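Each structure below is given as structure tokens.
Two complexes, one shared chain (chain A), two partners (chain B, chain C).
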Partner chain A sequence: MQPYHAPLRDMRFVLYELLGADRQLSALPGWEEVTADLIDPILDEAAKFCREVLFPLNRSGDEEGCRFENGVVRTPKGFKAAYDLFRQGGWTGLMAAGADGGQELPRLLGQMVSEMICSANLAFGIYPGLSQGAYAALAVHGDEALKRAYLPKLASGDWTGTMCLTEPQCGTDLGLIRTRAQPQEDGSARITGTKIFISAGEHDLADNILHLVLARLPDAPKGIKGISLFLVPKFVPGPDGRPGRPNGVACSAIEHKMGINASATCVIHFDDATGYLVGEPNKGMRAMFRMMNEARLAVGIQGLGLAEAAYQGAVAYARERQQGRALGKPSRPDLPADPILVHPDVRRMLLTIRAKTEGARALAAWVALEMDKAARGGDRARREETEDLAALLTPIIKASFTDMGFEAANLGVQVMGGHGYIREHGMEQLVRDARITLLYEGTNGVQALDLIGRKLTAHGGRFLRRFFHPLDAYLAAKAGDPALAEFVQPLAKAFGRLQQASAAIALQGLKNPSDAAAGAADYLRLFGLVAMGFQWARMAETALAALAEGQGGEADFYQAKLATARFFMARLLPECGALLATVAEGGKTLADFPDRAF
Partner chain B sequence: MKVLVAVKRVVDYNVKIRVKSDNTGVETANVKMSMNPFDEIGVEEAVRLKEAGKATEIVAVSMGPQACQETIRTALAMGADRGILVLTDAELQPLAVAKILKVLCDKEQPGLVILGKQAIDDDCNQTGQMLAALLDWPQATFASKLELGVSDARVTREIDGGLETITVTLPAVLTTDLRLNEPRYASLPNIMKAKKKPIDTVDPASLGVDVAPRLSTLKVNEPAKRQAGVKVATVADLVAKLKTEAKVI
Partner chain C sequence: MQPYHAPLRDMRFVLYELLGADRQLSALPGWEEVTADLIDPILDEAAKFCREVLFPLNRSGDEEGCRFENGVVRTPKGFKAAYDLFRQGGWTGLMAAGADGGQELPRLLGQMVSEMICSANLAFGIYPGLSQGAYAALAVHGDEALKRAYLPKLASGDWTGTMCLTEPQCGTDLGLIRTRAQPQEDGSARITGTKIFISAGEHDLADNILHLVLARLPDAPKGIKGISLFLVPKFVPGPDGRPGRPNGVACSAIEHKMGINASATCVIHFDDATGYLVGEPNKGMRAMFRMMNEARLAVGIQGLGLAEAAYQGAVAYARERQQGRALGKPSRPDLPADPILVHPDVRRMLLTIRAKTEGARALAAWVALEMDKAARGGDRARREETEDLAALLTPIIKASFTDMGFEAANLGVQVMGGHGYIREHGMEQLVRDARITLLYEGTNGVQALDLIGRKLTAHGGRFLRRFFHPLDAYLAAKAGDPALAEFVQPLAKAFGRLQQASAAIALQGLKNPSDAAAGAADYLRLFGLVAMGFQWARMAETALAALAEGQGGEADFYQAKLATARFFMARLLPECGALLATVAEGGKTLADFPDRAF
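Showing the complex of A and B:
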């Protein structure tokens, strides 16, 4: 596959033109310096690093995979050196607090850098990605001593983090956790149990690994209300703060899997390992959810990164590959055949990837900017509004973006025909790598249940209003604008369907929750399309304004934006009609089917 | 010792170059621009000198439109201390650049000036040599190794037949070749610090330099398209074709 080039122009379009993020961010306390002349060089350097260091290791890392030898995990060739460069470059501390040695930059920027990393080399990105989640959980829920001892190490990337939830008998249903914690006199605890599928659980990239482990204290209530969170270092730091004696933590195997082969997925045994409580006893889920929400957004961005990578590979191929003739007039009569880019079906596939990818990028950026604004400014009410919006959109971003990433990779293979199926072209790796993103951090099915079960019902529908109101206001404000009609009208229609579907789900939830659950995935998909559609209308508006201002030199760019917006409205958004029909049907056809007939 | 490094803003080496439709030059509008790779090597060498305690200050100079400031910032993020932007929209040819650098050297009095051996846009490979002549300083071009002493420098040069090692007295002009070093990636903290480092802006007129082009470009064309190849059945066929058609043996 051709080398990955970060979509810097599109990122700048979203940042500066669509959102005015430079203006908004630099108006916030502590971020006065975060203007375009700082954002641009950061994105440029990240793009260069991803292209030159991470991308070249993507396929070799996949081919070689991680190796497990005598309790030690070896990452593929080049990963350690790349991680060292990444760490020394300060990228692990991009969002970390200044007091911990971080750069304290906005989430919006961190998210764009993450997208690039995931496009270039998803398996690599998982290692620092988990550290970031661990940092977030510890920063909010850890006590002062823990924070002082561990946060700077996570920020510098000297040590990495994990999240240890899954056990053989316990996947989605965390109430089934068996790992035990025995409190000690010195305030620590002894952790015993087996965790499986632990990403970055063991590796050779860093000097120490900090496991955030869900476990049960003695006499804890049964189920999910009896779970506590512990920090368990692989090496217990000595008085000097350096990795000291080995803790009772051992890796016994790594999984052989479909994709992300360069990311170590480990079986980790805790045997009387010293751990420290994070947050309150039996309130581990609260702290873990902080980490999981971070991680869910991050996994959504993985989907986005993969979709972008698939698009770039597919477009490059479609320009070069010559097969058949355009229906009508040949585009390259000088060649024996036209490039496959001329075929409507190929264009459909490419535009589907592109329209979703750019819509997703804008949506994620909008949410991140709102979160940044709430974190640095505004009053409590404002913060609450943003938290609501983020809570609502987190399962949507996680599930619809990862669905998109997988769909994009699949379409990428389809564009390339049989050559897409061949390893050396790199596209089939994207399919395999993308597949996990629909599963971990809560399967996409579980995201849909979170959306309808928790997010829709919260505070009498308050979360929902945080999205519906701005969209409603936008549609009302633009209803009379003829230049925008071709974008606003289909969006209004799709929004109507989302409102109907929301009402249907709410009603089903009251009458028969399994009816609501039956349509949850379709509802989430419908929601995702409308949320992207909202961004597309705004992007079209931005592009029209730029063209009207006579951004002549870049007319091609803005025209392509408009054309993509039209494609999204005309060819992707209509799916909302079918999704509404499915949601409205409820779950009868599912429930009526006898178990024994399966 | 002060080191002055020249950094040129050029079309990024990853970009596929397109000739303007009116054949007056190369398309640069909305094209990704970056620092000339040979200049990156120059900045890296200067930063290493500073890290080794042999240089005290690094001044990065770029010439051209306002956007050249970004190129200077890149140098500052790699470790240069301050920048000078010579602001002009005029077309700058090697002689004009050398004259401007000469004036800046007179003012700044560096012990060493580092330039790329050439810029990847026009591939002139002239500026360093012209500057040395204007200053009447020794030159060490195509450097692949530099050992800096107090009053002189030992430089290994890449020449057609292999490597040549020379000693030049300081101050001197050095131009970099590819193997001199491998430039670092700017770290995030240093990118942030770069924003606060000073950049002076001057223009050619205030330096008393006439930058009017001495050469005029008649026409810029794409190189001839590569012809499709043919498959030969045997080595004998190949040899025959090389003799009779390609006439290379």
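Showing the complex of A and C:
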């Protein structure tokens, strides 16, 4: 693969032209300086770091993988040095509070940096990514002493974090957790149990690892309502705040996986380990959900990053590889064959990746900006609106972006033909790496159930209205604009299908929830397409305006935006019709199948 | 993964109940004994061999891979012994002519055995699979001396074959081949050139390897019309017919791939190697296409085999894994959680695999039986009809079955959640192994272009009518049957869409071939769904008849058939509507995208 180049032009289009994010962010208290003058250099620096430091370690990290010896995990060659540079560059604390030594920058910016990291080296990105989730949970739910002791360490990247949920007998169904917590006189607790699939659970990048562990207190209620969250450091900090005595935490194995080989996936045993309660007893799921929602958005961004990487690799190959001739007349009669970029099916694959990637980038940015605005300004009602929107879109971003990342990587392989199957070329690694994103932090099927079971039903459908209303308003406002008709009309049609599907799901949910569950995955996919389509209509509008203003030198960029928008509407949105049909069909054919005949 | 069990019941359903293959085959000259009494024990034996010998080597073969040292390729532990057993069991010559020491059994039977092999161990199956292709090309195009010298060795499996097409600068576009052939006085030729991606190009399973090599004779016309086919043995047989002096053939490397690690993918250098012309000079593509068409059907069967393997693994996991509760009331209140088989989304994934797998099995069997019948009986017109049908369906079987295999393996991983991502569990290997089937023997995009560019246009659409007419006749005959309405009506609707899409493609082909090419992949997918749907209607009809006859003990089997047929119609066929929409859309949005903006 050619080196990764961050899509800075598109990021700036989204930030400044589509969203006016510089204007909106710098109007918020404390972010007065968050203008293009601040944002651009940060994006440029991140792009450089990803290209020069992280990307070169991506394939070697995959080939070498992590090694496990006697309880110690060694990351691949170069990872420790890269992490040190990453930490020293302040990237671990980009969004952390100033009081913790962080830079307190908007989520929107952090998200774009995350996308770059995931494009360049997903396995590397998982280590600091987990720390961000731990930071968020601790910052909201931890008491003052915990926050003081641990948040600065996470912000500086000196220490890293984990999320310890899964156990051998329990994945999705956290009510089955068996890990126990025994309260001690000093207010701490002793934690005992086995956790599996713990990303970054043990490694050699940092001096200490902070495990956020779900466990049961004695006499806790059964199931999900009896789970508490504890912070369990690998080394218990001494009075000087430095890593002190080893805690009862041991890594017994790492998993051998399909991909993300440079990310250590650990089995962690807690044996009377000292832990500290985070939040209230038996209310661990609340804190965990905060961490989980952060993680789900982050995994969605992983999908986006992988899709962008696949796009770049596939385009480079399609420009270089010469095979066959264009239908009609040769594009390069001077060569023995034309570059495969001329073939309609190759263009179809490239544009499919491109249209979804750019649609996803715009969608994620819109949500992040709304969250930034709610975090810093607006009243309670405004905050609630944003929280609703984020809650609604989190499962959609997680599942539809990761589906996209996997699809993109596979299209990338397909563009490269047999060469895509060879490890040396790097594209197949993206497929293997992307595959996990459809599984962890709740499988994409679980996201779909979250969407229809929790998000659609909450507060009488209030969450849904947070998305439907602005889309409705947009369509109404633009209905009369002939220049936008080619974008707005297909979007309106797709939205109509989403509304019908939503009504069908709601009705099924009342009559027979299994019917709704049977269509959940297709419903989520439909929703994701409409949400991206909304962004595409807005992007097309923005591009048209820029062209009308005569952006001479950049006409290509805006023409490409318009062409991609047209492709999205004409070639990707029609899937919505089929998805509506299967959602409406319900679950009878699933339920009727005799269990023993499977 | 639990051990693989061949789907013998379903194979017998297809053979005897759906197709009446025993009756039809035993009516043909020379196959009088091909009845259930002959077929069943062969299927049973093949199932046993696959379960006991090949399946246990699948994961170890993947982990160990092939090793390359000083020009020698070593297959993984156990492969040589398994191949010896395979050869001794007569499996290599199942369909070979009696005169060559083969068993001369129908293609239909060979195909079912191939499916089992691919389910159990795809990487192993590639070695004898290539030999079958070489046998077919040589049997039809080789002269008597070549046939006498080499066919028995391929039939016995003592020697294996390869197909040497690809070169570094040439994959799909075989007109770019540079390998040269210099005729010698004794009628042989000296072959010089480099071939890449040569499956089974070098290995330790057999005493000799017969390379079928595309090369150019001096003064050959440029491009595809100047290519000849040569047989180049690794060791030139001596007068006693045994492997004699080493030929100028050397393996310089094997590829490190995403999957099929136990299958050696070789770089082969020919350096003044002795070769023998197969067929006429400059007509190599004709012989190669025969081999290629065989190979494409065989790769389709690989997709089918992998899908079946994924299904079995996913079902076993879904029965065992307990997580969450059924909506409504618990199915196993005695356990802490219900088996995940109760969840609608899990059932959706399992039934998607099942419905496509069984539909594909029936479709492939139908085509194979038609080919068997044409090979042994009927007049010239009948043979032509069958050749047309096979030519039409070959790209569809190759591409839609391999898409299915990959989709199935991925659904298998999805059912298993995070556990599916762990190598130890075997499911992710199916994803990696399946990925190659969408690429080799012509990418699936190339299949789609073959379908619209060659197959639809041949003889004024004659090929298409070979499929449309029987389907039309079937729909007309069953239109009035209320018991079949729930199957026939959705099929008729999907067929209507296929007809519209075919008309659109034909019109686009006349006006602007790029428009047709832009929809080729979706058109092929649509065609595959309708072709499977046709089989599902027939299977449902067969199952209804069996139930009406009161197949007491097997009611479950037939009920499951009907339930799967309903699922296929209700949940999988609706995709046809979206596919028609994108086909009809044409290629404008692809062509309009500015090349430099990619």
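Note that the second predicted complex is superposed on the first by the 598 of 598 C-alpha atoms of A that agree within 3 Å, B and C clash if a C-alpha of one lies under 4 Å from a C-alpha of the other, contacts with A are read in each partner's own complex, and residues count from 1 in each chain.
As a convention for this text, contacts are C-beta pairs under 8 Å (C-beta built on N, C-alpha and C of every residue); 3 or more make two chains touch, one makes a residue touch a chain.
These figures come from a predicted structure and were not determined experimentally.
Ranking chain B and chain C by residues of chain A touched puts C first.
After overlaying the two complexes on the shared chain, residue contacts for A:518 are found with chain C alone; chain B is out of touch. Look at A:575: by the touch rule set out above, it reaches chain C but stays clear of chain B. Of the two partner chains placed around the shared chain by superposition, neither chain B nor chain C is touched by A:67. In the superposed model, A:553 makes contact with chain B only, not with chain C. Contact with chain B, but none with chain C, is seen for A:5 once the two complexes are overlaid on the shared chain. Once the two complexes are laid over each other on the shared chain, residue contacts for A:469 go to neither chain B nor chain C.
In the superposition on chain A, A:173 makes contact with chain C only, while chain B stays out of contact range.
When the shared chain is aligned, no partner comes close enough to touch A:332: not chain B, not chain C. Shared-chain residue A:424: touches chain C; no touch with chain B.
Under the contact criterion defined above, the residues of chain A that touch both chain B in one complex and chain C in the other are 557. The touching residues of chain B, when paired with chain A in their complex, are 14, 29-30, 32, 34, 70, 73-74, 77, 185-192, 194-195. Put simply, chain C touches chain A in their complex at residues 166, 169-173, 175-176, 197, 255-259, 315, 318-319, 322-324, 327-328, 336-337, 341, 343-351, 354, 406, 410, 413-414, 417-424, 428, 431-432, 435-436, 438-440, 443-445, 448-449, 513-515, 517-518, 520-521, 556-557, 559-560, 563-564, 566-567, 570-571, 574-578, 581-582, 585, 587-598. By the touch rule above, chain A contacts chain B in their complex via residues 3, 5, 8, 33, 37-38, 40-42, 44-45, 48-49, 51, 53, 85, 88-91, 93-94, 103, 105, 553-554, 557.
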